[in-house]
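What follows is a set of structures to go through.
The two complexes that follow have chain A in common; it is paired with chain B in the first and with chain C in the second.
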Partner chain A sequence: MASVKRWVAVGLTACFVLALAYLPPRGAESSGKSPFVGQPLWGTPARQHAQALADGWRKVDATLRLLEDRQRVRRDSLRAGPTIVFHGATLPPNSVHNVETMIDSVWRDLGLGETKVRVTLVIELQRPYSSDTPTPLQDQVAYLAPDSTHRTTCLAYLPAGTYWTLVILGKRDARHEGFGRFEHWLQAGLGPCAFYAAYGTPGRPVESWLAARHWDVGLYLGSHGIAGERFSSLDLLGDPRSPWYWDGVYSFPPATVACLAGRPRGCRAAVLTGAAEERTIPIPNVVLVERRWWRVQHLLPGERYLGDIARTVGRDRFLSFWTSGQPVDTALALALKRPVGEWTADWERGFVRPIRLGPTPPLGGVAIALTIAVFAIVVVAGTASRRQIR
Partner chain B sequence: MSRLLGLVVAASLLASPLRGQDCLMARLRRQADSLLGSWREAQQLADVADSLELVRATAGSDTIAVGGLRIVVNPSPLPWRQAAELAWPVIDSLYGSAAEDLPQHPYIFRAVDPDTGEHRAVLHVGVEVPWDLDLRATSTVLLTTVTAPHVDPALADWLGAALRPTLRPQDERAVVFVLLVTAPSQAVRRCFLGDIARCKDVLQLGDSTGLLARWYVTPAEREALVTAAFTDYFARGATAPSLQRCRQHHDDACTALLQSLPQGTLPRPLPQAAGILLVREALRAGGRDAYRRLVARPSAPIAERLASAGGMDIDSLVGLWRSNVVAARPKPLTLPWWASFAAIGWTAFFGICALRSSRWRL
Partner chain C sequence: MRTILVLLSVSGIPRVLIGQRWERQVQERVQRTIAAVGPSPRLPVVRRSGMLNTDEAASFQTTLAQHTPYAIIAVCDDDCSRLQLTLLSPSGSDIAKERNSESLPTLHFTAATTGVYGIRVVMEGCRWNPCWYAIAVVPLRKTPS
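Take a look at the complex of A and B:
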């Protein structure tokens, strides 16, 4: 009998080890076999080289345009809000006036008035481009931050694309009541310039940290969601019941996923990504926001992280962090008066219920497996008790 | 004199950042010009490289021609010719005379080792398929990669999915039958019962005004649509109170929410498969030139185009579609009377075998 017990124990242990090794992680789904082999169709190396050169040209071209506009633009002393410059088409005066009225309202909503750092929005309207040059920057926003030559000017370069160009030209109504309204687009377009206007130039450690992570935690100063209401990059993950939700979650770095699960250490690591790097801030300091920035964030919804901190801790404490010469983790913890990880984990819970990580056997599978196991044990035990000779 | 000198020094100091700025811009302009020149050269080289890659990808390959299909493939055990012989009649029967244009677009396939750990060269041209597919799977590859000729955006929007040939048209009809009898919509139900006007409504073939009232007839349907499909969309901001009211069975709130949706986003009560089947019926009824007639006038209303393709008025076409769907009612699964006894018998047999085994000692 002792021998049977030993074998039962060994069997159960083996089952447990196998379960640990083979159970799929939460959200993983087995996909049906496709006859097509999963390999993306790459361009030839020569084509990729041409595309890389085009990307390089776009960045230099955007920088050049921003520098030219910084030299050329004269600010309107009658207005406290950002100066607006349009490129690509001549607008009727009433369209310009409408956009100016809207940006002034956005500016006031952000709690900004007369600021030391002035902001200029350069809106590039969509137009036909010739085929002998690459298309200019179209799906990326660029910012020219204040530097030693222009300490009080921040420029934002916003390609309007087809949709917003038609809206600005009055050929299409932005009819969506929820996300996607024109003022949301303008407010989101202010990006890092809103922080420069509100809090001035950051201290060296903070500026280096933000540059290292492409400003992903300082893209939006507003209190609503970046696309209106409470819409944030988290919403782009979709419904947790949808099959692509977990694919989206696991596409982020481990620390970001751990933070989504409410783990303070993960949150701390996600926030301090890039803080250890000592970056030299170039002149001109052009910030290029990543294409599809919501897919390369280290913290979700990172775009509003610094804005939320500023609102929570108040202007003075935020300024002490913003301009601090101390390392980022120390300065941030001092401003928050709490460890960074803990505060961030609580902040994260305000947007999303902590996700559960780890292996997850399907409920039906567990029930069937247990039933079969119990049945097998009962049959074996019954047979053994009938057959044994004492 | 010293004052003048001071002024000159001060002016030059003040101007130095501007000069620096000008230098920087001149440098950036030179960099932009240099990049632009390099890009133009690289583009020309890339065009040449692409055409060479096409030649390289097809070098040493066989070209298989069956009907209008031209398939360029590397040597492999895949039954390409038999698959093409199976696929071509299906493609030809769908696109008819329009399939004559297909030889202009040969298909390039590369059969690869199905072991996913195998290191493979980066693919620049063509589609990779594993070389262990059987005949049916290889035919399916051909059918699913064929490009429908001359599809215009209006037709593509209405279809909602690509119109591709199928090896099992009867299965499609059975699927639409199930959709007709299970869709939670009175309009679809009435279509199933023979109301052709309702069928045209749910297939979006007629007037596009007032679709909400015609597609989702009862308050319960509208509430179900809001709560099942648009909860996340309406749960924020100004629409959140209306969503709450809708959940409390206030039809005015549900209707207002659905009416606020952007044009073209109200989900059809009958999924796309039904529309695709209708096109297939029109093409089947209209003969070899039916597809050409379907794509001939992109600006015409869809109902008119379908009628022209099918060579009959739209009501008759929809009637034909409905009767074919109803005739494709899936057969219920029936077990022979002895199957359950056989199952119990086998279970008992194995149980007895286990219990009658030889005795053993612990």
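Take a look at the complex of A and C:
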């Protein structure tokens, strides 16, 4: 009888180990290919190479444009708000005035007045397509941060695209819900420059940390959502009941997913990504925001993380973190007066109910597996009991 | 003529103040400090100003005349909490260092020989980067011995 019990124990343990190893995680679907996709979506190697070259050219082109603009821009010393420069078309004076009024209002909403680091917003209006020259960077936002040669200027390069170009030119009203409001677009466009304006140049550890992660936690200083009243990068994951929601979740690094599950250790790791190594800040210090920045975040909705910290802890404590010479985790924990992971997990719960992680066997699969397991155990037990010597 | 220029430079004659609030702050501050230490009317006051982030340093060179007492003063804006001021010999070695006076370090020095001396300023504490600073090398009236 003792032998039977041992066999049963071994069988159950083996089942458990196999389940642990092979059951799919929650929400995962089979990776069956669609019969409608005839060729790979990522293109041939030659095409990928051409796209990488074009991407490199666009980045260099954008950097040169930023440097040229920084040299050329003449500041209006009477204006506290950002200076605005338009590229791509000559605007009627009333359009320029409208945009300036709007950005001044955005500036005041952010609680900014005269700032040590001043912001210049270069708005690139959509140009007509030309086959003679490569298309310049028209859909990627870029920032030229202050450096030792220009300590008090932060330049934001904001491609307007077709929709906002028509709005700026007065040919279309910004009423379409899907695009949000014009002032939201301008406020989001300030990006890291809003942080430079509000809190000055960060200390070396913080600047290095932000550079390592492409400023994904400091893209938006406002208190609304980045593209509307409550819209954040979390909304781009879609409905949690849809299959692509889980595809989206599992496309992020493990620490990001763990933080979505409300685990403080995961949140800490997600926040401190890039904080371990001290990088040399290049000159010129160009921050190129990824086209689909919401897909490469280490924290969701990371774009407002530092803005929310600043609002929570107050200006003085945030400044002490921002300019600190201590490692990021120490400086941040001091400013928050709590461990980083715990504070961030609570912050995360304010946006999303913690997702449940771990394996989830499908119901049919469980029934079949249990039937097979019970059958196997019965067979083994029967065989073992017949072979016992009494 | 030279005397008039020096007097104009250190007196309280209103100047067109341009630039940011913090720049104006340090210019006014250094102006008041120069007036307070009592500059010699015979020699010009050398002034430098700029911006630094925390832990950054800037330096410049100036000629100091033999047997002339100098006050070397540095001021910074309201966001600056600590400024270090160092006087360097023509060979580059430290002659004097002042880091205890927080945002108003001052050095007094009389050069034994005329030469080009270095002055280095280090922004040791700035709560809102960058912080403005201004330095003035003020020749003082010689006290009768």
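Going forward, the second predicted complex is superposed on the first by the 315 of 390 C-alpha atoms of A that agree within 3 Å, B and C clash if a C-alpha of one lies under 4 Å from a C-alpha of the other, contacts with A are read in each partner's own complex, and residues count from 1 in each chain.
By our rule, a contact is a pair of C-beta atoms (placed from the backbone, for glycine too) under 8 Å apart; a residue touches a chain by one contact, two chains touch by 3 or more.
Quick caveat: nothing in here was measured; it's all calculated off a predicted structure.
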Contacts of A:Pro284 with chain B and chain C, given as first, second, both or neither: first
A:Lys171 touches, of chain B and chain C: first, second, both or neither? neither
Touching partner for A:Arg72 - first (chain B), second (chain C), both, neither: neither
Chain B versus chain C as contact partner of A:Thr149, first or second or both or neither: first
First (chain B), second (chain C), both or neither touched by A:Gly56: first
Partner chain in contact with A:Lys5 - chain B first, chain C second, else both or neither: neither
Which superposed partner A:Thr44 touches (first chain B, second chain C, both, neither): first
When both partners are placed on the shared chain, which of chain B and chain C touches more of chain A: B
Common interface positions of chain A, toward chain B and toward chain C: 148
Chain A residues touching chain C - in the complex, by the definition given at the top: 77, 114, 116-117, 146, 148, 151-152, 199-204, 319-320, 323, 325
In the complex, chain C residues that touch chain A: 18-22, 51, 53-56, 79, 126-130
Residue ranges of chain B in contact with chain A within the complex: 17, 20-21, 24-25, 28-29, 31-32, 35-36, 38-40, 42-43, 45-46, 48-50, 53, 112, 114, 116, 120, 122-124, 127-130, 133, 137-138, 140-141, 232-233, 236-239, 260, 262, 354-355, 357, 359-362
Chain B partner contacts - residues on chain A that touch it in the complex: 1, 3-4, 35-37, 39-47, 49-50, 53-54, 56-57, 60-61, 63-64, 67-68, 71, 132-134, 148-149, 175-179, 225, 228-231, 235, 239, 283-284, 379, 383-384, 386-389
